[in-house]
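Listed next: structures, encoded as structure tokens.
Consider the two complexes below, in which chain A is the common component and chain B and chain C are the respective partners.
So, the complex of A and B:
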């Protein structure tokens, strides 16, 4: 057997906290063979990022390495003094980060940030590095590399930035590259292209890779082998195609089950015929024309759709496509032109919206951390809509139980709850008003897949109990195909498609819709 | 940064100065000071007062008086001082020059001391160097100017006899004498500036050192020195530009205590004298010149910031 590129043995890591040491990694053992891609999957807090930092020798100050070896080829990384580390980083291990927009220095032209790395890691002269950088950028399919090199990070798109970072990592010709969720911060289609690029470059260069992600479906497509982490332990390691077909460990089984599969519908009924909300020509504009300055284009342009009673209408599209602007318009958070009729009644825009409409249409936001007041206990948060819309404040406990939380949570502060629990509180707050339409704005995006699955299950149960309709905004096409009756596809502020769910594969769909479907990774096997 | 943006900024200066001119003129109108009485003294006859009011146009409507004043002011003519009978404009401009000299010297000294201090404190966060600079900073902020001024004067002028205690010498006449006379006031003014700017540099540097792009720069194998100079400092020092512009305002207006202690005839002190003597033309000229300088300094800072940080787009 050949020597592995990376070999980790019995590695155990603690973080020292005020409450004593906390075990983050326990007896980790893994090998990556030359040219192999190992996928590392786990939920947030499973320790996968800590393992990456341990390999890169960039652990936080309170980390204590308890035992074990990390070897890169025949170099013992743990024994390496700080001065020699710079010879390993970049040169022998590269890294590509989650968020390309924060990984580049905002005040240096991008070309400079590529060449400085090449000069250090490969000992090129400035002129050689410049030529090499041009070649690298061309190789990652970036158009007009000369012009690009002189641009600043804010002048190029997120996908272009990630291509530049990938080009830099490969350009240093390392033995191993660590990819830490490299497509999570990108929209679906851009992410899919980055993934194609990764596969091609990997095949060409034969460099070994550790690919970290929470997305089991995605990892199973790019990795040769997949390792699953849970609570700091490796629970299962298997070839990528087998992990989906025959997961051995119960934790893997949970992860596999939580991956949304479009062909497995979770909603089987049909909504009623009655139109609950009719929106016509909704245009949202955030800034007005000012002296010396033309008005910016509207965030959405004349968007129109209906929501029927009890219907789940999915709204998909990239970031910036205007999905959230629709949510803001419908809830009176943004002014708009156009008309809304609710239960046949015309509704005024913005602040003039009446109380009856505000009660009937509720919203749940993406980040429960910022939508729950940190200075109010859960009980107070839930009592407010009850008081406002004529409910009974003693119903707080019942509301909590409705979202499957113990009634005793009324006495807790938001920061004492997990992300999923907080999102349940936010959902309970929306349902306190007994709404007939709840707008869910990317509410599962910050959550782990298994938590996401349980939140979706909760929403469907609540719908069965109350008959509420949902306007479900998401970028996860696989998820929405499981639950929505109809799907609205948005792009650049316009509604490009509005389809019943069973027509989504049909011939006549918009080319953009087809691209979106093609870019959504579905699990292999 | 487009040309139209710079033009708009320049227009904004004009607008600011216009608003200030209306305020200044308005305030001097409601002040309990009668120009005629100030000029002729308390014992002037009613006829003489009426004659001079007529000559100065004090009987005209206020807006007419304002227009006349502004019309002259834009040509640099702020009238004659009621105290000395000399033209007010040149006197105030000369005083502004002396104040600006003091201000720029203080800012230069502050930058030389505060930036390295803040950076070292951030890099050695939690260590002895950090604790010491924090201590010195807080002491600097805690002492009012007249205390630091007195302490410096006692030590350097009185005990050691190195520097003259008070007075002002023009750098065009006696450069070395000017430096020696400016040393104490500059030292005093920069103490408080060093204190707050070094704190700010420290926290900005800490923020940047914890940013993703500094981590990325380290992990792509750059040596720590390159990471610090090329990636961290460049971004950490940007906000200093804005702070320096704000400090120009502080130094012009707030430095009056220092000008008073060290007997420097700067614009703050001249304005104080004018107010005590109810010398209306001097008050108007001083206030207007000070606010115009402040507006210009802030505009320069905005332009510099936009030039240094390409993310800022003004269009």
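So, the complex of A and C:
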């Protein structure tokens, strides 16, 4: 057997906190053979990223390595002094991070950042580095690399940034590249293209990789072997095709079950015929016309749809397609032109919306961290809509139990809750008003797959209890195909398709809808 | 709150600042009882007496005990500066937050007005106000508060703009909350941290500004033993008896340093990233 590129033996890591040491990684043992891609899957907090930082030798100050060793080829990484480490990072181990928007220095042109890396890691001259960078960018299918190199990071899209980062990582010709959730911050189609690129570059260069993600479906497509982590321990390691078909460990089973599969429908009833909300020719404009500047183009163009009582309407599309603008218009956060009728009543735009409509239509936002006021306790947060919409303030406990949280959580601060728990509180806040339509704006996007599954289950239970309709905005097509009655597809501010769920595979759908379906990773097996 | 205090004391700046402030607070509260002599007792035999057993910090041009004057004068110096800063902070942070919440044209109108006011240097503005309102300690306090408000409004607004984009503020707008609720209950509590720090730093400016106004004869009036006034009075005897000038100057400097240290300590203590 050949020497593995990366070999980790009995690695144990603690973080020192005010409450004593906390074990983050426990007896980790991993091998990555040359040219192999190892997928590392686990929920947030399972220690995936800590392991990545341990390999990169960039641990926080309060980290204490208890035992074990990490070897890159035949170099013992733990024994390397700081100066030698800089010769390992970038040169022998590359890394691609989750969020491309914060990975590039916003004050330097893109080209300088690539050439600088190449000059340092490969010892090229400036001119050589420049030609090499051009070749690299061309190789990752970026159009007009010459012009791109002169631009600043804010002038290019997230997908292009991630391509540049990947090109740079591969360009340094390392032995191992660590990918930390490289597609999580991107929308489906962009993410799918990045994955294709990754697969191609990997086949060409034969570099070994550690691919970290919380999405088992995605990892099983790109990796040769998959390792599953839970609470800092490796619970299962198996070839990618086997882990999905025959998961051994209960934790892997949970992760496999949580992956949304379009063919497994979770909603079986049909909505009523009564039209709850009818939106016609909604177009949203953000900035007003300035004195010397023409008005900016509208974020959405004359979109029309209706939501029936008790219906789940899915809205999908990539980022910037105007999905969220629709949510903002319907809740009075953005001004719009066009008309909305709710229960047959016409509704005024913007801040003039009446109280009855504001009670009946509630919204749950994407980021659980920012949707709860950090200076108010959960009890206060929930009591406010009750007081405002004529409920009984003593119902806070009942609301919490409705979203499967203990009533004692009323005394907690938001920062004492996990992401999933915060999202439950936000859902409870929406349901405090006894709404007939709840708008869910990408509410599961920042959550782990398993937490996402439990939130979806909660929403469906609440719907069964209250008969609420949902306008469910998402970019996860597999998820929405499990629960929606109808799906609206948006692109560039236009509604390109509005289909019943059974018709989504049909022949007459818009080509873009077909692209979206093709880009959504379906699990292997 | 106790947690914040614990973290504050753990930083060296915070601990020293807090200790100095406790001493100053004690002087403000018990100054007249601590003073060894009557601060206004004139002793012609003891004019310009250097520091010694009789007068620990020496005596001034009228033979009054400098230490006693300092101890009694703390009352008319520090609380005034504190009150002026707090008043300025309250006005500034409410205006700044409201401006960020309203946005658009209102924000533009409020901020351009504030820019115009800020173009006038603080001391000049205070001088202008005092000369309109008339001399006296209370008027000087109001003038300093007004001079501070625009700066506070700017600092607050920049923080409030971020808070304005948080989803909990949007949730409140969607619920149909009134503007006053959103400004006072949803936004203000979340902009307080940087504002509190800015305030502690500005208290030291206020002490000096107040001393300057009194020095110019526009703040406290003689024979009050306000520290700035003491410096002003001592100016003409600086070659004869420098201690009359040095003692109140040091007192002003110590106060300024104490508040600055507290501000530094608070900045570290309130930063959640330092929570380990």
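FYI, the second predicted complex is superposed on the first by the 525 of 525 C-alpha atoms of A that agree within 3 Å, B and C clash if a C-alpha of one lies under 4 Å from a C-alpha of the other, contacts with A are read in each partner's own complex, and residues count from 1 in each chain.
One rule holds in what follows: a contact is a pair of C-beta atoms (placed from the backbone, for glycine too) under 8 Å apart; a residue touches a chain by one contact, two chains touch by 3 or more.
Predicted model, so just to flag it, every value in this text is computed and none were measured.
Residue contacts after overlaying the shared chain place A:122 against neither chain B nor chain C. After overlaying the two complexes on the shared chain, residue contacts for A:385 are found with chain C alone; chain B is out of touch. Once the two complexes are overlaid on the shared chain, A:429 sits against chain C while remaining clear of chain B. When the two structures are aligned on the shared chain, A:99 is found in touch with chain B, with no touch to chain C. When the two complexes are overlaid on their common chain A, residue A:377 makes contact with neither chain B nor chain C. By the touch criterion defined above, A:221 reaches neither chain B nor chain C. By the touch criterion defined above, A:152 lies against chain B but remains apart from chain C after alignment on the C-alpha atoms of chain A. By the document's definition of touching, of the two partners only chain B reaches A:168; chain C does not. Chain contact summary for the complex, chain A toward chain B: residues 56, 58, 86-91, 94-95, 97, 99, 102-108, 116-117, 120-121, 152, 154-155, 165, 168-169, 172, 292-293. Interface residues of chain B, counted against chain A in their complex, comprise 4, 8, 211-213, 215-224, 226, 230-231, 234-235, 238, 308-311, 315. Within the complex formed with chain A, the residues of chain C that make contact are 104, 166-168, 170-171, 173-177, 185-186, 189-190, 276.
The residues of chain A lying in touch with chain C in their complex are 16-18, 62, 288, 331-333, 351, 353, 355, 358, 362-363, 365-367, 370-376, 384-385, 388, 426, 429, 433.
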